Amino acid sequence: MSLLGAPEVTEDGEFIINIGPQHPSTHGVLHLKVWLDGEMIKKVQPHLGYIHRSIEKMSESLSYRNFIFATSRMDYLSAHINNEACALTVEKGLQIEAPPRAQVIRIIMAELTRLSSHQLWWGCTGLDLGAVSPFFFAFREREAIMEIMEETCGARLTQNYMVPGGVMYDIHPNFQNRVKTVLKQIKENFKEYDQLLTGNVIFEGRTKGVGYLSPEDAISYGCTGPTARGSGVSCDIRKWFPYDGYEKVQFEEILGTGGDCYSRYMVRMAEMKQSVYIIEQLIDNIPEGDFQAKTKNVIKLPKGEFYQRVETARGELGVYIVSDGAASPYRIKYRSPNFSNLSALEHMATGAKIGDLVAIMATIDLVIPDVDR
Amino acid sequence: MTNEELKVSVSALYPAITFDETGEFLNAISSVAEFRSVMKTLRHNKELEFDFLFCLTCIDWKTHLMMVYHLMSKTHKHVLVLKVKLDDTKDPQIESVADIWKTAIFHEREVFDLFGVNFKNHPDMRRILLDESWDGFPLRKNYVDENMISI
Amino acid sequence: MSLILDIGFAPFASGVHNWVYGMFGNTTIAMIVEMVIAGLSLLVFLVPLCFFLGYMERKVAAFMQMRLGPNRVGPHGSLQIVADTVKLLLKEGLTPDGSDKFLFNLAPIIVVITSMLVLAPIAFAKNFQIWDMSIGVLYVSSISSISVIGILMAGWSSYNKYSLLGAMRSGAQIVSYELSIGLSLISIVILTGSLRMSDIVMSQQNGWWLFKGHIPVIISFVIFIVASTAEINRAPFDLAEAEQELTAGFHTEYSGMKFAMFLLAEYINLFVVSAIAATLFLGGWMPFHIGSWEAFNHIMDFVPSSLWFMGKTFLIIFIIMWFRWTFPRLRVDQLLNLEWKYLLPISMVNILLVTVMAIMGWHF
Amino acid sequence: MFLKDYIGTVYKSSKSLLKGMKLTGYYFSHPKKILTEEYPDNRATLKMADRFRGEVVMPHDENNEHRCTGCQACEIACPNGTIKIITKQELQPDGKKKKAIDTFVYHLELCTMCNLCVVACPSDAIAMAQTFEHSVYDKKQLKKTLNKPGSKIMEGVE
Amino acid sequence: MAETEKMIFPAQLHQTADGGIVVSKLDDIINWARSNSLWPLVFGTSCCAIEMMSAADAKYDWSRFGFEVARATPRQADLIIVAGTIVMKMAPVLKRLYDQMPDPKYVIAMGACTISGGPFFYNTYSVVKGVDHVIPVDVYIPGCPPRPEALLHAMITLQEKIKNETYFGPSKTIEK
Amino acid sequence: MDISTIVFYLIAITILGSGIMAVTSRKIFRSAIYLLFSLVGIAGLYFYLNYEFIAAVQIVVYVGGIVVLILFSVFLTSGSGEDMKKPHLGRALFSGLAAAFGCGLTMTFINHQDFISSGKPALDPSAENIGFQMLSTTEHGYILPFEVVSMLLLAAMIGCIVIAIKIKVPAHAILPETKRYHDDIDVPETIAVLEHNESIVKQS
């Protein structure tokens, strides 16, 4: 907790404060022990596990249809993509592929999820740096996307729309029109995002040159997603190991070169535009056909190990299923992007100031339940 | 490098390593004794250069524990899965690779926390997700917890 | 209406004065009674003012963020702040264990009292001023420097690291920004040749300093607004209570009534700095006149002076609120950089310009 | 040149700040852009999307009949034990005994609205309702029985 | 829930010959103030926190009720919205946060995880099965996560509860 | 006894009382706060005498400057939260004697001084006049003391900085890879949308 009692000073005159587990800038329940010299951070030690919900253990006793729902609660901002990863892994085990229509729907949904996730991130970055208004501007578009999700999937945040073999049901008749309207709105409003934060001198001062992560360190720390791409490390799974027909759509992998908070910020801003571009290519070209491949009622994967990597809004999610041939997985491991990204925090924040720590955490875009699982 | 070429170049360096190609990736199974030097070679050998450890985990096969390292090379674009069998389930021990890939610092702590594998020479070997006072290793198959309700 | 208001204040004040002195033969007792009356009327004026400022802040924020803001408590949500205040007053007031209880409880009082003291020399309307002292401007800047001590006290005595960090930030911030506030005030003092508030207002009879002082005065106006936003710890300079960094900074441990006092002080301070800016740069209660356009000037004169004063003050309050709901927060070193690298040098050069202007008589 | 750079910085930063203020000022002066939907006042017109999953219900027709055979497919399909079906043996008119539901217990407090039970149901006996105002003071009230008292299975549903 | 009429001030106008006087009970005013000024603690552990943020955004805008003053420090908060799973490691922290809040304080349990462990009720070793094992809860909202409107509904329900409290003596019980 | 006498005594009691508290308090922060009250009391005395300018300067310099500096140095002192040690009896006794001696000396001088009113008109203590006097070199000009005082303040400031500077941490105590990135790093053109390298796309 935040109220920590006596000022505690180490022998070197350093000042230890505990940020979290409940603190507005930790985006959930992360506990950071920070050694300070004045305002300067000497050392950061993340303490995790305040939201460790034993999803991996739980999944071992659930059937292959049922374990998917829990992954929505891991990285709830990319719930769709998490579900997709699980569905793909099961499909890999069954050696089937989703029908083309389902694949396209999956991509559109995943990109919408990425958009809404990045929008929330943008709002929260503003909030973390002390600007309140971006939060409301970001949620304006996010709510529009949420409405689309709700109409087609039936839920706003934890949709549970992906099932092994395709999607749970067909898209809503209004879907295409609404997506087009929202895309138009989003494209117009990107200008406002830039007006409010991107060009702002205070914002630039807070992020430029802050939280530097070199490409070598990014790889060594296992960083993925915009965090690594901000340092110029190419790691987009959609390009490296395309799944669900990503090889058929055109988009660019955005790479920053600065390695600082501003670079990570710009990568995400540009990624939003790429997501819009991907959806635009597909929204009028959803092929007709089944939305779900036929699967047996009780799915049993053959004995073996199946690993599927997907690109969530925060980086690479790996689903590693070890099957012993039974109706539920023998072991499931989620290689979550945030867990690795968080480990680089200590490296980035050492030598920075408290205000920078907030900026760094904001641009890593942590989702703590994904760290703790 | 394709899986075949990988197999050839790795077994040229370490003949004791056995391979298993049933899955998507090439699986190499190493022994505990050789493990650390294999890992160092995999990371630093110019032809192999596995610089990205993207997954590190453990599987409890009841009789033994299996450490699984998913390695990838960003420069050569190949993937290798290295496995190490730990026979001692009471007090499993293995060398840490935290100095080779920094991401292992967190991942090894997680494996220590949930499986009880002890990593030698790890810079900060503490539980990461659970309380320091937690009893047992939850992801082991023989873990019992009276608070846990099963369907 | 205008006649009542315009003529009303000054005769009312002197009427009360005469009545009190007539009532009590002893001048000392009469003086005390008069002071008490002034104090009470100030309170009666301040509390609704702070309610209104709180309400205004929430509504301004809401409209800038495309939402409605409070609208369910009272007509258009106007009683929202009343409800908040009543709740805060009735809430349990905690004093943390291990804190220095005497200083902990004293700090909010000092903060509120200092912010109220600054109100003394402000001319609210024509001939309506509590204390027209000869050193009005200097008094303002000297008294406002005490408020930092209340914050330092609060941060120290809370026995909390966040509070301590917040207090240290706030100390460094206020002490440095006082310099450029002082310098921008001096530019008007140079032009007017007096520290007395009423003289400053009177000197703007034929035009506000903002207009007739050319660019140097505009620069000092901007510097004053920026620096005073920092001085009263409002976003984007709210480092002392930066929520995302220090939970609530120096008042992390305060609850209930004591916290309400910090809020009260914040709003009084906001009003005070805006009122001073309005007095010095925008002519206080002076109506807006255009040269020798008699018809227009006459219409402007018809608007009561108190309305002029309040209008100008609220315009500046709105600008400061506008800052808050637009900008991200500065980092602590940037905050000091802004002061020492930009505001201070610019205002020093500016002072020279103003002096030259005053000597050469280039202003209107 | 130092002075030029200095003035340039000041100018550029002020411009970027004014840009942001222009945006917020624009929205401040355009109250029509306000997006707020006033929730408790718009309850009459508030309509959820038709697929919105608020809670599991068991539709009954006008004869107080439902379609649930008590096959427990939903109970198995539920990932977290939200549904408990207690069955009984009912005597048919022709003398045969047939399985039927006694109580269909639904734990709203556990439910994650994942829709897997509805998908699993072979006889479309359960559906997702669009209600969402479930707040209660007492947790026990969230445990619900979905079949109405005295209800029967519809003719012809196997 | 009673219809949510907009109550301007909890008082009656007592008509007299020349105008009127406003009559009110102290309890009513206190409850009016408390129920209309619920400042939540910034406390979200997982998915429900996002819906809680959505409730604050422009579309749902809980500031209409005066809830928007979310405080980061428990000393100044009136209400904890427990939005998300509470695990064994977090439970003592939550308890401590609750203890640090000054009276009167209220708790809303938002979402299935908080009410009962929800999706993580079975087969998990680390989840607290219901936040009411840790702190007393006033209002429960089921849903995973509940819609922002559902959260607003819960807060209105809580307001109803507060309006039936008495400052001195025991509070009335109301059915819901 | 009229009201102004009462006010005078109230102010005097405040000054003396908080002065004594400042000396006797065992908490260093509280001492500083009592000192603040004492100084504010003196400013009050000036206000009482209608020397508003002096009063304001008193507050600016002593309260806004000196006391804040003292408080800051208290903040920077580690262990300042604890109670100070009880003073030695001898030391306390000596301090008391010194104070009494000073007091007695002043009293003696005041009592033996015949205050003769001079024929000259009193100087007007207005801000303008004070300003002229302060910077003039003529009779009653204070330019020299003014400069001396400013030198003194400068020296005090340097002293404060010297006290606040920490002793350098030995090299081995610095954490590895501790760098400050945000001060002087030259950030290159930060964003580049790279054409994706086709070779890294898995052939499929």
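Note that the chains take the letters A, B, C, D, E and F in the order they are written out, and that residue 1 is the start of every chain.
By definition in this document, a residue touches a chain if its C-beta (ideal position, glycine included) is under 8 Å from a C-beta of that chain, and two chains touch if they have at least 3 such contacts.
Computed from a predicted structure; not experimentally measured.
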{"item": "Graph distance between chain B and chain D, where chains that touch are linked", "value": "2"}
{"item": "Neighbouring chains common to chain A and chain D, by label", "value": "C, E"}
{"item": "Of all other chains, the one whose Cα centre sits farthest from chain A", "value": "F"}
{"item": "Euclidean distance of C-alpha centroids - chain A vs chain B, Å", "value": "25"}
{"item": "Rounded Å distance between chain A and chain E, as computed from the means of their C-alpha atoms", "value": "30"}
{"item": "Distance between the centres, which are taken as Cα means, of chain F and chain D, whole angstrom", "value": "64"}
{"item": "Distance between the centres, which are taken as Cα means, of chain D and chain C, whole angstrom", "value": "50"}
{"item": "In chain D, residues with contacts to at least two other chains", "value": "17, 20, 23-24, 34-36, 38, 79, 81, 112-113"}
{"item": "Contacts with 2+ other chains: residues of chain A", "value": "2-3, 6-7, 23-24, 49, 52, 54, 57, 61-62, 69-70, 133, 135-136, 140, 143, 158, 196-197, 200, 202, 234, 240, 347, 353, 356"}
{"item": "Residues within chain E bordering two or more other chains", "value": "57-59, 61, 64, 72-73, 75, 89, 100, 119-126, 144, 147"}
{"item": "Interfacial residue positions of chain F with respect to chain C in the complex", "value": "2-4, 27, 29-30, 33, 36, 40, 52-53, 56-57, 59-60, 63-65, 67-68, 71-72, 74-75, 126-128"}
{"item": "In the complex, chain B residues that touch chain E", "value": "130-131, 138, 143, 145, 147-151"}
{"item": "Complex contacts: residues of chain C adjacent to chain D", "value": "60, 63-68, 322-323, 325-327, 342, 346"}
{"item": "Complex interface listing, chain C residues touching chain A", "value": "61, 64-67, 96, 98, 159-162, 164-165, 169, 235-236, 238-239, 242-247, 252-253, 325-334"}
{"item": "Chain E contact footprint on chain D (complex, rising order)", "value": "34-41, 46, 54-55, 79-81, 107-113, 132-139, 141-142"}
